[in-house]
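The letters A, B, C, D and E name the chains in turn, as written, and every chain counts its residues from 1.
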Amino acid sequence: MPDNSPSKRYWVFAAVFVLFCLALFPWLGPPVYFVSFLFTVFMYIVLATSWNIIGGYAGYLSFGHVAFFGIGAYATVMMANLLNLSPIGTVLGTIPSGAIAALIAVIIGYPCLALRGPYFAVITLCFAFVVHLAVKNFSFLGGADGLWIKSMELPIHVSRAILFELMLGLTVITLLASMRIASSKFGAGLRAIKEDEDVAQTMAVNAPRLKIQAFAVSAFFPGVAGGIFAYYLTYIHPDIVFDVNISILIVLMALFGGGTSWLGPLVGATALTFINEGLSTFVKAEFARIIYGCLFIVVIVFMPNGIIEFFKPRKTLPEETSEDVAQPGSAP
Amino acid sequence: MLKGSGITKRFGGLVALSDVDFEVNRGEIVGLIGPNGSGKTTLFNVISGFYKPDGGEVSLLGERISGKPPHRIAAMGIGRTFQIVRPLMDLTLVENVAIAVLYGRMGISESTEAKDKAYEILRFTGLAAKAYSLPGQLVLEDRKRLEVARALGSRPEIILLDEVFAGLNRKEILGAIELTFRIRDEYRVTIFMIEHVMKAIMESCSRIMALHHGVKIADGKPEEVANHPEVIRAYLGADYAGN
Amino acid sequence: MLGINALEVNYQHLRALRGVSLKVEKSDLTALIGSNGSGKTTLLNAVSGLVPRSSGTITWEGRDITNLMPDAICRLGIVQVPEGRKLFPKMTVQENLEMGAYLPEARAKSVQTIRRVFDLFPRLAERRNQASGLLSGGEQQMLALGRSLMSCPRLLMLDEPSLGLAPIVASEIFRIVSDLNRDGLTVLLVSQEVLYTLSISKYAYLLESGKITLAGPAAALVEDPRVKSSYLGI
Amino acid sequence: MKTVLVLQSLLSGIMMGAVYALLGVGFSLTWGVMKVINIAHAAFGLIAAFIAYTLLNTWRIDPIVSLVFTTPFLFFAAAFLYRILINPITRAKEVIVSSMILTFGMAIILENLMLVIWGPDPRLLTTWYTSKVLVVGPFYFQYPRVAGFLMAMAGVLSIHFFLKKTYTGKAVRAAWQQSEAAQLCGVNLNWISTITFGLAVASAGAGGVAMAFLYSFEPHAHNLWLVHLFLVVIVGGVGNVLGTAAAGLLIGIITGLSLAFLPYQWVNILTFGLLMIVLVLRPQGLFTSEV
Amino acid sequence: LVALPCFVFAAEKPIVIGGSLPLTGQAAETGVWIERGMKFWADETNAKGGLLGRPVEFKIYDDESNAQKAVTFAEKAITVDKVDLLFGGYPGTAARAVMPVAEKHQYVYVSMGGHMKSFEQGYKFSFGAPPLMGEWWYEGFFQWLETVPPDKRPKKAAVYTMNNPIGGSLMDSINRWTKKLNIEIAIDERYDLPLPDATPMIFKAKQMNCDIFFANGLFSDGVMMIRAAKALDYNPKAIVQGIGSIVPAWLKELGKDGYYVFSGTSLHNKLSYPGNDKLNAYVKEKFKLDGYPEYFGFGYAWMQTLGQAVEGAKSLDQTKIRDWLRANEVKTICGPMTFDEKGLPQPINFCTQIIDGQVELIWPEKFRTKAPVYPKPPWN
């Protein structure tokens, strides 16, 4: 939306400044660990933000998003190893890997997106399991042994810095895509689908197609991220890159921040990764996680619609009025 | 313009519609009456693509629409309201209607413009004052108006109204009847409406069809149908005359 | 019997009732009319305890019931047939009726009451094992009425019982309500079918924008010019 | 001999599936009737298993007997948690999502409490009958499986009868189909929800002990159990008690048979794959849902 | 006694040894024992005057059994805490992921490694001392089996392997040796953990008359298989169980049913190398166990190796430490070791069998603590 109000310009300026500082960071010679840590933060922002396109905007809670991440990782490593790609080739290879993830999203989205609500959540969860187990059983994909990828022949802080910049770039692109979608016709259609898919259809919203598009877009970025992550780790294993906990974590991150806007997942992913890290540094792991668990409870009890909604100026939220609640069995 | 022939719809053992023929011509206001559970809403659901008919077909302007998905049918120019209102609860009224404008046949794909247009439609349906509030705060009557506004948003050729007069008192019904005529005249939309409020239907419709147990039992001028013995027996009741 | 005094109800920013006072006398059929959004449903819900009451009092047989929970109010015999029927859609007709007799006193008599309800609505008896969500609108309304009778009400509050019903069923419902009243049941009836309603009720109130603007014997209200022009469309 | 293998696997599968069902009904109940997806459900079951383990190893109390203590304990603990934490959010805009996050937090807390109390090593419930075998003709049944199966049957059926036959049970269903109307019928919503949640969690306790008869368990085992819960409940139809039971058996049978005829590593793929197909073909679960 | 060394070293800056262990999560049970073994080594070293005259201390992160976290913590230890030495991690997947990190940062990494595949990646700073090498796990068993007269050897094998890197690596020696000894592999299947039901496995093995049963898994699935074997009265000549059968809980759960199971190991508390007695005495006193648990020994042995290398190199310079390890022999509780260019010692081939409630060493012959029981007596 072309909006050139001063406050908007101010925000854009601030964002560019922050980005610039972030991009500069790894070259200032910080301990590599901090570079890696921020790399993980970015990765989760990418994952949560792209999840949010299907999960937050369209209301289709995918619990299998880690599958796309893993597919991207495997595709990248397979490509690099089979074609003997150079580092640059490998980096570029993450893009087709993302495309492969998106393509798979289209294929499985076709039957799965016909399901609604929790059913969709569960079928995507199953999908992630199936992919995970299948990869583990196919020896040409390394099977239960996993795969190695040759790392860049560069000093570690340089190679980490490069991967950092890549992930940062991907983060920016993902956020821009998410913002753009939120304010576009496409985003409006997705919102209508989230609210009531039947009604959306009477408004000529081509729900099946929009959902698939959203699903594909939201699978693409995790695919690319998976590729970059594989390169970062140099060794991938199904239990690492198809870990269902990642799926659950990204859903929580997005919802924690608030799924209705692009900002929510950004805030959620950043907050949770930092909190997690902070806690595990200062407290014994069990107690750290007990605190972590309490945090979810506190947030949900006091900010039931995510952090973002909580700090937003409030529109008066209506109580769910009970007039004319659609009754099962009655026609739509 | 909208034409159905031999439409049959079954739910398990129940025949909700059996071999129904109908036709709605451009510019008409056609009423659909019938006892509760006679299949009226089901017929609308078949037309708008939510149910696939078990037999027969529906066509719009000569093009077959049965079997097409609901959004295609909507895009071809059939708008509808829901008997049990279904506003998009988290969106303001303007946003509700703007989505219909964006995806409908207005050819608008820019949000701001769509919202302006949506506001215009809301004003037309008498909801301008509440345009930026959420549907949860509306009374039933206004929610029904919102349904109508949303249906108009996609600029349909024909609009299916399912009991938008229910729960109104006599005075309010007069307002609603007027709105119906204005929809037809200002938006050049053909209207096909289900109604139990006989006053509304008698005064606004040029033609009425009556269903009973999924079978069409009458079709004709309002007075004809109102005096049709079977309609009186099954639907209006003997003391209708006194009402 | 039921007394409402200066009742106020607020929804977030909206004052839905602004100091309503009315009375329902024993064995009367009292009508409450008003345009859309005037607060009729809100009033009934306030009596039933479903919406928070900001100020004012509600008394029942002299006892203050303003702050009771809905189930406690139901226990006193104040029973509502809610707008939009609100059946338990996946329970059978029989089970819906049984739920009406949930409270122990009613449960004890449920066998007789259910027979009475089936006598009153033979259609329900035929469909007693069908899930209520699949009933037609008219049958659903009958079931809602039947369910409320199962709790052996002492005050029956009906909220637009004829909404969305075929004329033939609507008039039947009104006839049943007036029959019940003739047999001694106290009724508070909310309806948009103003003429019909006033013709069977004894006393009536007109509610406009959350205030009672007119009250009197039903026969008098029918003749009131304001009612005539705004509600009867004459 | 082949038929013996088939039947044996079938029966083993049924016994295993019954246990999933027992663990699943409570989950299904809170989800179906109160729209609360209780991620901590399996963790509660796991607590019961750990308590059973401790009682068994310190006082030689049989795990089944231990349920006499654990189910009431879980019932009251859950009722308490419901009152202070879950009740406030059940009227929120998106109960399913909020409840998931809330109970996810609860699950993390419970898991780590277990870790603090019992440590991370895998445990097995070893009773005097653990390696006893019931031989019926050519079939062998390990006692713990039989015990788990019987517990499951008893649990599922009693919940079913509670919901269908008792007034309180009907009130539970009514309250969640139409809460306002239920209140108008004199149902105390708070009370009913508290009972439902308590009951569901208490049944998880029984399910947890039954699971512990079959598998080893450690504090994070509930995550895997949870996956099975989701599957059973979805296939059975959310909120449908008998459907959940049937789905549990079905999944057990599929697993049992594929264990017998497929290389082991394909069994899970097959199970999850079949479930995906079931979901695509019958989106509302195999059994039409009812509460 | 504990406080004393602190006073002695008060002036010297301690040598910090950092890294992560799975102290919670899936692999926690073993991670905790490794930590205890390492700590025992530290106490012992400090009591003896430390390394290079400086006390040692650990900075241990809990990676929650998550390989990705293990990598992050390794980097944190190296680059933020700037630890002097990196200690070896666990389990195999984590070690596989950490090895390249250690390599990149040029830190010596003495650990179990991630089986043979990870040692074939050409890393220069990683050592397995001892490695937990699945490929070698059954070596001793087969060497012993070869000494059994051919007509008494089993003819048909059922092999069930857990589907992970450990399981996969175990197949190596099975495949090699069964060919050599002319044993037919009638069943070769993998399973994902946790095992849903062991009965069909045993049922199939029994039906096909497999007279040797390989259960290549961990503790709980191993227990389930033995229970099922007993339930179905399946009596092969030998049961070989991968990793679970040497943990103390095995006998606790199974009692007599757990007897006579063969397994391999790369170290054992009954070995006669110096140090084992001391460890046994310690766990006896501290944890009331007869013989130290295996992972306690691993934690200790890895630190033993690293410590000797530091002392040998007389420096904390990682390259010097590495070069010293490449060139010299270390003496560990599982014997002396020298390393090849992969960072591996000679293949280790201990074979154990549970006899009368004790994990006994039966191979190599010179370490034998009891004569093997073969064929396995039938149940009851």
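Convention: a contact is a pair of C-beta atoms (placed from the backbone, for glycine too) under 8 Å apart; a residue touches a chain by one contact, two chains touch by 3 or more.
Predicted model only: the values in this text are computed from it and were never measured.
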Exercise for the section: Could you tell me which chains make contact with chain D and chain E both? Expected result: A
Completion exercise
For chain B and chain C, the contact-path distance works out to 1
Completion exercise
Check: interface with higher C-beta contact count, A-E vs A-D, is A-D
Problem - Interchain centroid distance [CA atoms averaged], chain A/chain D, Å - result: 31
Completion exercise
Chain centres from averaged Cα atoms put chain A and chain B apart, in whole Å, by 42
Problem - Between chain D and chain C, distance of the C-alpha-averaged centres to the nearest whole Å - result: 42
Handout entry: Rounded Å distance between chain B and chain D, as computed from the means of their C-alpha atoms
Key = 46
Exercise for the section: Check each residue of chain A and list the ones that touch at least two other chains. Expected result: 133, 136-137, 286, 316-320, 322-325, 327, 330
Exercise for the section: Among the residues of chain C, pick out those that touch two or more other chains and give their numbers. Expected result: 11, 86-87, 89-90
Exercise for the section: Please list all residues of chain B that touch 2 or more other chains. Expected result: 83, 90, 137, 140
Practice task
Give every residue of chain D touching chain A within the complex, in rising order.
Solution key: 31, 37, 85, 88-89, 91-94, 96-98, 101-102, 104-109, 111-113, 115-116, 178, 180, 223, 227, 230-231, 234, 238, 265-266, 268-269, 272-273, 275-276, 279-280, 283-284
Fill in the blank from the handout: Contacts from chain A onto chain E in the complex sit at residues 31-34, 36-37, 40, 133, 136-137, 143-146, 148, 151, 156, 159, 233-235, 237, 239-240, 243, 280, 284-286
Problem - chain C residues touching chain B - in the complex, by the definition given at the top - result: 11, 14, 33, 35-37, 135-139, 160, 163-172, 192, 194-196, 229-234
Fill in the blank from the handout: So, in the complex, the side of chain D touching chain C is made of residues 167, 170-171, 173-174, 177-178, 180-189, 290-291
Handout entry: chain A - residues contacting chain D, complex
Key = 61, 111-112, 114-119, 122-123, 125-127, 129-130, 133-134, 136-137, 244-245, 248, 252, 255-256, 259, 286-287, 289-290, 292-297, 299-301, 304-305, 317, 319-320, 322, 325
